[in-house]
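Structure, as structure tokens:
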Amino acid sequence: MEKDRSSSFDPMSAPRYSELATFFRAPPAQSAEGIDIAVIGVPYDGAVTNRPGARHGPREVRNMSSMMRSIHHVTRRNPYELCEVADLGDVRFTEIYNVLTVISEIESFYSEVVRHGAVPLTAGGDHSITFPILKALAAEHPIGMIQIDAHTDTWDSFQGSRFSHGAPFRRAVEVGLLDPRRTIQIGIRGAQNTTEGWDYSIESGMRIVFMEELRDAGVDEIIREARRIVGDGPTYISFDIDGLDPAFAPGTGTPEIGGISTVEAQKLVRGFNGIDLVGADVVEVSPPFDQTGVTALAGATIMYEILCLLAESVVRRR
Amino acid sequence: MEKDRSSSFDPMSAPRYSELATFFRAPPAQSAEGIDIAVIGVPYDGAVTNRPGARHGPREVRNMSSMMRSIHHVTRRNPYELCEVADLGDVRFTEIYNVLTVISEIESFYSEVVRHGAVPLTAGGDHSITFPILKALAAEHPIGMIQIDAHTDTWDSFQGSRFSHGAPFRRAVEVGLLDPRRTIQIGIRGAQNTTEGWDYSIESGMRIVFMEELRDAGVDEIIREARRIVGDGPTYISFDIDGLDPAFAPGTGTPEIGGISTVEAQKLVRGFNGIDLVGADVVEVSPPFDQTGVTALAGATIMYEILCLLAESVVRRR
Amino acid sequence: MEKDRSSSFDPMSAPRYSELATFFRAPPAQSAEGIDIAVIGVPYDGAVTNRPGARHGPREVRNMSSMMRSIHHVTRRNPYELCEVADLGDVRFTEIYNVLTVISEIESFYSEVVRHGAVPLTAGGDHSITFPILKALAAEHPIGMIQIDAHTDTWDSFQGSRFSHGAPFRRAVEVGLLDPRRTIQIGIRGAQNTTEGWDYSIESGMRIVFMEELRDAGVDEIIREARRIVGDGPTYISFDIDGLDPAFAPGTGTPEIGGISTVEAQKLVRGFNGIDLVGADVVEVSPPFDQTGVTALAGATIMYEILCLLAESVVRRR
Amino acid sequence: MEKDRSSSFDPMSAPRYSELATFFRAPPAQSAEGIDIAVIGVPYDGAVTNRPGARHGPREVRNMSSMMRSIHHVTRRNPYELCEVADLGDVRFTEIYNVLTVISEIESFYSEVVRHGAVPLTAGGDHSITFPILKALAAEHPIGMIQIDAHTDTWDSFQGSRFSHGAPFRRAVEVGLLDPRRTIQIGIRGAQNTTEGWDYSIESGMRIVFMEELRDAGVDEIIREARRIVGDGPTYISFDIDGLDPAFAPGTGTPEIGGISTVEAQKLVRGFNGIDLVGADVVEVSPPFDQTGVTALAGATIMYEILCLLAESVVRRR
Amino acid sequence: MEKDRSSSFDPMSAPRYSELATFFRAPPAQSAEGIDIAVIGVPYDGAVTNRPGARHGPREVRNMSSMMRSIHHVTRRNPYELCEVADLGDVRFTEIYNVLTVISEIESFYSEVVRHGAVPLTAGGDHSITFPILKALAAEHPIGMIQIDAHTDTWDSFQGSRFSHGAPFRRAVEVGLLDPRRTIQIGIRGAQNTTEGWDYSIESGMRIVFMEELRDAGVDEIIREARRIVGDGPTYISFDIDGLDPAFAPGTGTPEIGGISTVEAQKLVRGFNGIDLVGADVVEVSPPFDQTGVTALAGATIMYEILCLLAESVVRRR
Amino acid sequence: MEKDRSSSFDPMSAPRYSELATFFRAPPAQSAEGIDIAVIGVPYDGAVTNRPGARHGPREVRNMSSMMRSIHHVTRRNPYELCEVADLGDVRFTEIYNVLTVISEIESFYSEVVRHGAVPLTAGGDHSITFPILKALAAEHPIGMIQIDAHTDTWDSFQGSRFSHGAPFRRAVEVGLLDPRRTIQIGIRGAQNTTEGWDYSIESGMRIVFMEELRDAGVDEIIREARRIVGDGPTYISFDIDGLDPAFAPGTGTPEIGGISTVEAQKLVRGFNGIDLVGADVVEVSPPFDQTGVTALAGATIMYEILCLLAESVVRRR
């Protein structure tokens, strides 16, 4: 043990399996002060409609994110040199069985992050967590969103609750957090019992790119469409891991076959560079259903790809 | 396909992997009318404090219970000849995110079962479900209980909720469902952050048999003690699968090493024959953590052992 | 428990993990009378040449099929509104070790289904089961077939048996059940010890689309070719899950890398809409080799896609 | 690569994961000539009544048996110094779907082994294989047997077959291969649909030690009883891995909880030293259900323990 | 996010799956200054002779140790109230392929811990790491040791190396770190290719308790023997997880069936209370072979049990 | 057992799960004499930088390679008819902890193979093993190489070692084994902490085809480029299984999402037919991380594809 243990240590070059697992081996921080990009876990899956387990997502994504290194092989840019990145730990809950308190505590946590001027990058947790994150990020005016997902998550209520993981973006439009005309939903697929979610997305002005359109038009065209939709305004990326095909991401609560490959997903995400990004999340990684670990690895790598975009946004905004 | 397909078919002698999986391959029923023992699933894990997944318990226990046959090798008694057994399906929920509604719907379901005079045998679900089951069974006067478990589940509140899976028996005593002096808790172990649960059990008059006492005194002695405690009155058996050691039951939410073996568990359960049993459950089987299936198999077999006891109780009460 | 428990319950909107697992949560039925599409399990793998386990396929496909909902996201059609769908249970065997009896009992079961005018949709079991199904369906005149598979299954004999899962379509041509000129085999690949199966397919008049042709010509072209081959006559779809790549379907007995993706498979199947379909199966899902469950999920979803086609065929034939 | 590669190589001291996996890293042999103990695989599971997979047993037991070393820690004896041990490969089948041919080919293989004077030690395969092994070993006069198993395997017929894995010892008594009065069955447990198997064992004169007797009387007493039963005559050991509890051996077709621990199993087997052993098998290891590998490891280690006994028998007979 | 985020947070009462995984949720520390018990990971498995993976042990043991709470249910003592406990992170390596440097860096790390007066509690890593730990702890005079293990680890060399995980205690005796007359090895079993390790242990004066002696004499007697052997002097506990039976700890490199149960292990460890303990380790947890997680859970719980003993030693030495 | 057991047996047509697992069921051989293509295992993973387990690769690839048959479905050529193929076993190590000895022993083994004029086809092991293989193959003059891989493996040193699995091709260029201008690296991707590996590859004259170029240009174009680069000279193929996407190959030490599919990989490899191939390897299959077995299956099949190419090269050189 060195006397000054932390000063000389480069966690990025240590063996990947060593030390505490923080997101990307970034330093832990107790506050967002002085941080450009705050990486945050939200270990909550109390709003799922099907298989649980996403509460274990932040830990396992942290674990797998040790495999991520620093310099992106396409851009040759190093996000950690561009800005300050830290692991802010997990949102802490005092009433995990009370969805309204959960929403309030998530919002409160992210409001502090926003107050410090940091950009949040989140590992879920189920998709319900994005609603309170948007409450903090879009408190003053609605923002745009690029959502990669198998489901629109604009359904109204499930089992009497308006806050399930199938509803966050309907709620967000209703209270003016999301600008539906600046919202695009990519990778949507799978049968439904009613058309109400699809209908709501379209009627509210969102652009749905069903999986078949992505397949036929190609990723390049969908990137162009996404950039056209979100334009120059502040934009959030929400990546539900079930947007990927179950071969690439079996460990999730509501898998749908016929999804996006990781090759496509990486191209898609990189295509969003230059958009004015104010935050992002990767949600619905459920480790108990991820025996081979490929889902958590995909989640961690997509987070790294988005981290690179966020870092460029931070630099541009300086 | 035979003309009268169901009449000539003996599901117990068909290949175990065939047909719809009902509990023990018993016939499905839509009502408890005419049923002596109603086997019921409660697919709810919204009250866990740690790892989820017990919502998937009833399906997988049904699946594994196909391996159970009819004649017990020790008693040479066949419960299906002693009484009518049926799979009553699962409790149906209309508000799975609202614990009070969940409790109310479970109670309502079991009240109907009780009204028909059937004895309920339940596959959970997390341990919180036993409280509403007791509300239905002990609506008129408190009953006794033999609980096999790693935890007393008499803690007060967790994360602001009084209805977590760590609290059902405290609640049950408070509202007069359980007679604590006729309650014994066997297999208790594992560190805790406060002593309040242990204290409550003891102060309310329950008998705790910590794992060390079971190990040192032996199963025979604990059977005697349990019979002494519950006496002749109506008694419920609640078997939390985490009472077993994780080698025998890894697939559960809060495993504790140093637990009961299946050899001991079977001897223990058989030792309760002759007690006036009014119902029973096996809870906390969590299939996502049960890669080898031994937990669901243990759960199904313990249910079969208890089914044999319930059948004898039914016969005695005739 | 409601008084009239079954009347008010909508299984499609209940939590997907609850209740007995029937195919697609469709109602169980004891007879095909009044049923348009009979979904059937054939839990038999006694004719495999390599890894077993497909006997467990029907149960696990039923389990995963709970995730399927009703309205197809591309067609916006709901097969359950178009016609009556029921789970007819499994074919029941009295001599599972005797392949001739097995064949006879499968044929007998399906003959009853056909007699009632129902269209059968089957979950295997190994691919040998399609031969007796065809015996029931094509009893009067040969039918056409679209087969998705890694192997032609037109080999002659294996280990002295003419009824292994590598032989069903050779047998079917020999006895006049299949019209080889109206038969197309898609996705064929993998080394073989003799060319006899490939030779038989071609010499009998079948059209083989090796995986390389599918890859190079594209799915649209193969759909056109398939429609050209089968034409307007009655046609059966047989989907061996090993047609998919092992990344998408690891849980099968004779996996071959370099296969079809689920995106391609769904496009392919949907391209068969309008063909006069008289039955279909999805076979060779082997749960013991499917640790992540993606194979059973793919099998269930492909079955749902085909169910939609069958429903359209039923409607057209009215 | 050394010039004379095989001469200087000591497979027992090489890294355990290297080279071709033979049983115990013993040399492969094409014939039993000059061999004292022939270790043989019988990759057949066509007679199971429930979950398959034991056909993969010999390969995985070979793989795990690499962990076995030479000198027994209790006896300090090295079986490889006492006699010649070789891996004779697997029984080869020409008609795997024809149980009578399978039986005949197994018998024929073992007759050759016996003709060379070698003692066979077998890894199954399902338990049906022991019947033809006994046909070869007891061709001239009936022998005694110590069977460790959850089931007596003296049932009559299943699904119309008299040769399922539940019937071998009934068949063996009927044709005079086994002397039932010199046969003891240890570890029997689990419900059954009829008592016919238990009845046949007892009525024919076999000694059943149900699991409860083993638990209550202790291993030492059961060893004494077994030695009393088999006496000085030639005796076979048949160890069905499902005799072990599923915590110790989850990877098997018909697991029954409440079984023997490995500590007890090793003590039991060692207690049979000095008996005149003419052969042995360990059957029903099913790798597809053995995700952690402990079942194959237990199977391999029990085989090593028995190998040590067989070696002593060989020495005594010299 | 609270302003003073760390001050008000009680990690022990938060949901167990949340936040960064430190050992027992203890605070991370950069130095042993002011720490009574330093919990340390040594992610090194470069000295194994068989299956690797123990390098991943510290991370997964940290993860599972979140399930541990504070007050021991037998003693009702809380080690965190008795003394200061911190997670000191992992030993950092600069030359993981050079065993001599690895040894030197481990020794150096622990020398600093010792210099600060802290007692080290370690999660390995393979068993080779105990040698350099002892170099730091016993730098001035030899100490005693209680070793729970399937193997004596007193073999001389393997594949030309004197520092494999089979040799640490031979090396430790040779250089005067261990007093062999104050060393006891419990749970030893499994065949070996030579007797040299057993011989060395005995000839040097160590006390070997083979598994059979433990089984026959009982845990109480072995506790007495261990206390007699180590006496009042400073003593180290080294717990190789392969001392447990593979049913309880499948995830390890060289499993041996017929081992210690967790019930026995906990009783054994608790029996060492009052001994003058100067450090301890739990080694050889290999997560890649631990699909169900029970091995890491057992490792974490045994560490908690030992932590309680260490805390009592700390208190006594004040 | 036949008298002349080996003469009449055709291992290719026996059930795939039977007998000892040799590569492709080819006969084992003790020497390369008379062998055209020597298939060899190198069970070494002592040079990995991250997750271990590739030491178990040769055994599991052998096991899965039993599924490979003889006649390639595209070329209709049978490599076993074209030339003599044998399983030469594994390289044997005497000092597995000493990387220089390991390198020397691998080189020595392959030098013997080369001396006999056999072409080596290798299953690793980690990628460090290719350096000593090249030492044997290119002892006289540098050769070209087609490398499929996620990483260039031209990094300089890691943790003080110049021989990690990230360095073999830098070392090979430095000592004149590889002609960098005749070397192409395909599928490269993933972030890095420095650019030194990419820089070295480019500056030394290698051609890197990053994954994005493969995706955009297509496989046909990359085949043309590879053929242009390696030209007519002697060429080696080194296929790191992590070149495949983790959906197709989860079982490897340093997975990177966004990789090559098996459809692409097979097309790519087949495109190399006609190149003058002098050897090949498939490395980094790590069975402990390959729960579904698809990685070992992919490795075995890619080896078969390459075997077909090697056989054609052998024939051409006659």
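By written order: A, B, C, D, E and F. Residues from 1 in each chain.
The rule we apply is simple: a contact is a pair of C-beta atoms (placed from the backbone, for glycine too) under 8 Å apart; a residue touches a chain by one contact, two chains touch by 3 or more.
Note that the structure is a prediction, hence the values are computed from the model and not measured.
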| item | value |
| --- | --- |
| Co-neighbours of chain D and chain B - touch as defined | C, E |
| Classification of the chain A:chain F interface as same or different, half of numbers criterion | different |
| Between chain D and chain C, distance of the C-alpha-averaged centres to the nearest whole Å | 40 |
| Rounded Å distance between chain A and chain D, as computed from the means of their C-alpha atoms | 55 |
| For chain F, residues that touch 2 or more chains besides their own | 15, 17, 51, 55-56, 93, 96, 159, 245, 247, 261, 289, 291-292 |
| Pairwise touch network: line, ring, star, complete, or other | other |
| Chains grouped in pairs wherever the two touch, ordered by label | A-B, A-C, A-E, A-F, B-C, B-D, B-E, C-D, C-F, D-E, D-F, E-F |
| Interface residues, chain A side, partner chain E - complex | 1-3, 5-6, 9, 14-15, 17-22, 28, 30-32, 41, 43, 55-56, 58-59, 62-63, 87-93, 96, 108-110, 112-113, 291 |
| Residues on chain B engaged by chain D in the complex (per definition of touch) | 12-13, 15-17, 67-74, 76, 245, 247-248, 261-263, 265-267, 291-294, 297-298, 301, 304 |
| Complex contacts: residues of chain B adjacent to chain E | 49-51, 159, 188-195, 198, 210-212, 215, 245-247, 250-251, 254-259, 261, 289-292 |
| Parts of chain F lying in touch with chain E, wherever the complex brings them together | 45-47, 51-53, 55-56, 93-99, 101, 159-161, 163-164, 288-289, 291 |
